[in-house]
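Chains: A, B, C and D, in written order; residue numbering restarts at 1 for each.
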Amino acid sequence: MDKKHLVIGVIGADVHAVGIRILEFAFREAGFEVTNLGVMVSQEEFIAAAIETDADAILVSSLYGHGELDVRGMREKADEAGLEDILMYVGGNIVVGKQPFAEVEKRFKKMGFDRVFAPGTPPETDIYYLKKDLGLLDQAETEADQQPKAENGGGEE
Amino acid sequence: MDKKHLVIGVIGADVHAVGIRILEFAFREAGFEVTNLGVMVSQEEFIAAAIETDADAILVSSLYGHGELDVRGMREKADEAGLEDILMYVGGNIVVGKQPFAEVEKRFKKMGFDRVFAPGTPPETDIYYLKKDLGLLDQAETEADQQPKAENGGGEE
Amino acid sequence: MSDLTAKRLSMDEFTAIQAEILTQWPTGRDVDFDEAVAYHQSLPANKIFSRALDKAKTDGNTLIQPRAGVALIPQHVKLLTYLQDEGEADLLPTTIDSYTRQNRYKEAEIGIEESIRENKSMLNGFPAVNHGVFGCRQIIDNLDIPVQIRHGTPDARLLTEIAYAGGFTSYEGGGISYNIPYAKSVPLETTIRDWQYVDRLTGLYEEAGCPINREPYGPLTGTLVPPFISHAVAIIESILAAEQGVRNITVGYGQCGNLVQDVAAIQTLQSLTDEYLRRFGYGDVQVTTVLHQWMGGFPQDEAKAYAVIAWGSAVAALSHATKVIVKTPHEAMGVPTKEANAAGLRTTRQLISMLGEQTLNTYSLKDEKVIIAAETRAVVDRVLELGEGDIAVGTIRAFDAGVLDIPFAPSRFNAGKMLPARDNDGCIRLFHPGNVPLPPELLDFHQQKIEERAHYENRKASFQMVIDDVYAISKGRLVGRPR
Amino acid sequence: MSDLTAKRLSMDEFTAIQAEILTQWPTGRDVDFDEAVAYHQSLPANKIFSRALDKAKTDGNTLIQPRAGVALIPQHVKLLTYLQDEGEADLLPTTIDSYTRQNRYKEAEIGIEESIRENKSMLNGFPAVNHGVFGCRQIIDNLDIPVQIRHGTPDARLLTEIAYAGGFTSYEGGGISYNIPYAKSVPLETTIRDWQYVDRLTGLYEEAGCPINREPYGPLTGTLVPPFISHAVAIIESILAAEQGVRNITVGYGQCGNLVQDVAAIQTLQSLTDEYLRRFGYGDVQVTTVLHQWMGGFPQDEAKAYAVIAWGSAVAALSHATKVIVKTPHEAMGVPTKEANAAGLRTTRQLISMLGEQTLNTYSLKDEKVIIAAETRAVVDRVLELGEGDIAVGTIRAFDAGVLDIPFAPSRFNAGKMLPARDNDGCIRLFHPGNVPLPPELLDFHQQKIEERAHYENRKASFQMVIDDVYAISKGRLVGRPR
């Protein structure tokens, strides 16, 4: 089977550079091909990179709190660019302050993200869902639905 | 004016010995005569000492949490012994656990205590109320009602 | 006192006392030594206290343990389960209520009834005697880690019988440390004898192949106790225990607040206890240490209480104590909720594991260790002298004479002449030595340290200074400076 | 780069830039230097930052300061008042939002409007440019203690003009420290020049009798930055600032986690900055230090976050930093509530005042100080060499060459070849030096330290080890041991 391709980056005016570097490393180790756009990435750059690399998923990271302003309209732009089927995740500290995660998740799902990840979600969790959503889990794993336990709070769903 | 006389002690099976020793010192410094019964004092011992010394006030300390069980019926016993007019205060950590102080105060006032002091009330506050209740504040002080600020949380009323 | 001695109780003496003890409350009936030994031997290694301690000592880890106890069994089990699972505790307690500590089992029974009626714990701890052997075993059976009885009971003989038969594998207390800070008018002679019974019982279990850890209570009144005083008591109680057959001892110390003094204290507590036990022929006793996070008055504000808890944890980690007893953000207010208790544990866990790799090795640490050792030896050796070789007898005479003297103790058998105060760096020193037999050069040292501070604060050393020190931590300082 | 130099901007150059800057956003109009000087001179001493710092340094105190900023003026004033009164802060911040930091004032305006509409701050800080000079003065007027601008703005010229005219008496940032960790593609040459403008403006106020404190941003990426790297940057920015007329500088350092390394770092930061300033003829600059509590990833659990905050406070107190920047129990989650922010402050307050009397004096402290000093000198001296005497030029060349190299920085002008990792005691060392010019004996030392750890952990040193260290504190450890 071909390797799946991910486009990752930190959106907006956000310069938090540590998490994305570690995600790149972890996704590569997990067998993905990764295009890491780094920090301060615009919606347009994400979309262009996804088209160019024929990516299977876009993973938007936002740490600094302006995530909610920065991702508005991104799904629509992607759809217009012909990426209707692309998987879109968002994660990090995506809103300002400590807010009930269930509500935050709802707001971002409404904006068209397939999955929304809480602060501090460990890479194992991201990888599990990527594999699941991209059809890479074998039957047994899917049935057991052995989502790795979030070690560090958070975790999706 | 004669010195006012206080009977103080720690009730029940309670052995917390530090606070009462400091109260004794502080009340003496403030010009009171003090009979300190120490720790593990029974209701009967408080009442007997108050009669014997013709005391103006009984100050019951309880730290260990059983205060609510230990002081039951004390006011009635004092009244029976002819101490209807004696001032009775209770203070310390008088119930088990961190409970809303307003409710605790109500319960102890209902049991006949004139004033109820929250955990960690500093001696200055106790002394202010003693002087007030025993008619030792001069007019100006009473009018300004300058209750010293509780430094350490708590404080009565 | 004619017949008090540090010697081991004979089996005859022991069984005579036992017969009497077990009838003090109906639950005493259920104690059956052989059946209890079988129960202990059925316990898996993860439930045995001394195993966990020995392993931690070997690995250089510091284990964390809360205090906790409520009136009713199901609630108590729930509480401990929570502290184990959500608090990440390594070791668990069962803290006994104050009526049981005073052998007032009838009042404890009323407390149990009221707790059922009001649906909240009206007792400040777990009344283990009233709940009896099988009540206790519900605790042991339902938890995955070792559980210890923690209390403050001058006459703990019945409690011990029930606790051991109930499966507890560690037991706090001692004839001095559970008398002087916890009682008003119980003669020391009585408590030393009663704790010899406890220790002998521990020895009997030990000899039957059931290891039970014993922990002399280190912090005493928790209020400005100079390290050498609590060290002297810990060493004496260790020797008394070893003589009765105890083989696994944890000596304790309540944090004083100065980093160097505290690290020096834990390290000398280990080495001096080892040294004296060896001297008395008990080199085979396994000794570990426990640091108690600040035992005096706490700040009311929870954010500030967290600071005090964290600092105690840091000191435990840097001194490599074998375990640390944890306070909670509710300390100044009252018996904590399970959430507050677990929070204190997690704060501690974070620091213990963050700092576990680091060690402290300061110039002043060496000095402070020399000082604490010299002070402790001066006191313990004088106790032995007074006892003409018998340390039990010596202890009684030492308290009589004020040679052993514990600040702020409620007991009338304590002289209360020695007054402690902090020096300018926050170390606890002697403001007034009373009759504590320090050699002249050490007395000079203490005096000089206190004068340094008095001079800095531009006031005379006085009882006001001691009071200021008592309040200091609850007001956000270590040294109680004049306002 | 042809015309970049460390020399002072001429008045002509300065006014030419100023004319342009003040038209970048309408509020620039309100800046009037003489009127601003009059405003500064009307400020009481208790509102002047450098006064508070100088006094703290003389008294040997450590001041506490939070981070905080919200979108709207009344809410921001309310927040700071709360931190002053309920948080017991000594110094206050005004943290600037990320759009303003990127000079995206239009987006900041939208953020302000949305914040009004949604009745909650939609910005992660205070948009000072949009609020203008008189908006800023509402902050200064309504508080009783000094307030500083804290941000992360590569081109902060307009912000500085408005902030100074608005009455702020302290200002964070620098041409390196607010570029490399905070920008992706802004050339260093540009930011150094832009910050020379900021420093010259500071100098002009200073010369007009209005003292303004400047604080190079110490922690950089906050992620495993070895002390000597941030020291080198702090020293370079201090010299650059002094040249432009700055007279009051606070150099900063982000806690690494090992007690000895941290204390050594703060102490050498003070002495090395003094030393280099003196060497450059700026012996009259008043230098103070700031310790930042752990700047990397925090634990999510608040009880554990308190532990990390408390440990940072202890280190600030024991190292006698002049001030400490405080984290909050919400750190891992998001911008804190005012209550969480005040709680972090009070935890810090308790430890600072509890431990302020103590000093650390360890054997290893001396060694560690020698090491940090030697490392820092090796780097700074190489920068000077590369600049052929001009430190501005040298800095550009040093980043080009990877001589100055900051781990995990987002800037493409940073080499990113040096890789840090912790040694077995939790000190941050170099796992891979890249082109950082340490002398051979120090490179050996670093290598040996990392090998010690690798051996202990029974694995090869690799990027996985670095990653484990990045996560470690948020997972309750300092050293990221293999799972």
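We take it that a residue touches a chain if its C-beta (ideal position, glycine included) is under 8 Å from a C-beta of that chain, and two chains touch if they have at least 3 such contacts.
None of these values were measured; they are calculated from a predicted model.
Enquirer: Where the CA atoms of subunit C average out and where those of subunit D average out, how many Å apart are those spots?
Expert: Chain centroid spacing, subunit C to subunit D, equals 45 Å.
Enquirer: So what's the Cα centroid distance for subunit A and subunit B, whole Å?
Expert: Computed from C-alpha means, the inter-chain centre distance equals 63 Å.
Enquirer: Take the average of all CA coordinates in subunit B, do the same for subunit C, and state the distance between these two points in whole angstrom.
Expert: Roughly 31 Å separates the two chain centres.
Enquirer: Could you put a whole-Å number on the gap between the CA centroids of subunit B and subunit D?
Expert: Each chain's C-alpha centroid was found; their separation is 52 Å.
Enquirer: Mind pulling the subunit D residues that touch 2 or more other chains?
Expert: 299, 301
Enquirer: Edges wherever two chains touch, nodes for the chains themselves; is that graph a line, a ring, a star, complete, or other here?
Expert: The chain contacts form an open line.
Enquirer: Following the definition at the start, I'd like every touching pair of chains, please.
Expert: Those chain pairs which touch are A-D, B-C, C-D.
Enquirer: Please give the residue numbers of subunit D that touch subunit A in the complex, ascending.
Expert: 98-99, 101-102, 104, 107, 110-111, 114, 120-124, 152, 181-184, 221, 223, 296-297, 299-301, 330, 332-337, 340, 408-410, 463, 467, 470-471, 474-475
Enquirer: Quick check on the complex: what are the subunit C residues that touch subunit D?
Expert: For subunit C paired with subunit D, touching residues are 257-260, 299, 301-304, 306-311, 313-314, 318, 342-351, 353-355, 357-365, 424-426, 473, 476-479.
Enquirer: What part of subunit B is in contact with subunit C in the complex they form?
Expert: 12-18, 21-22, 25, 38-40, 64-66, 68-69, 93, 95-99, 119-120, 151-154
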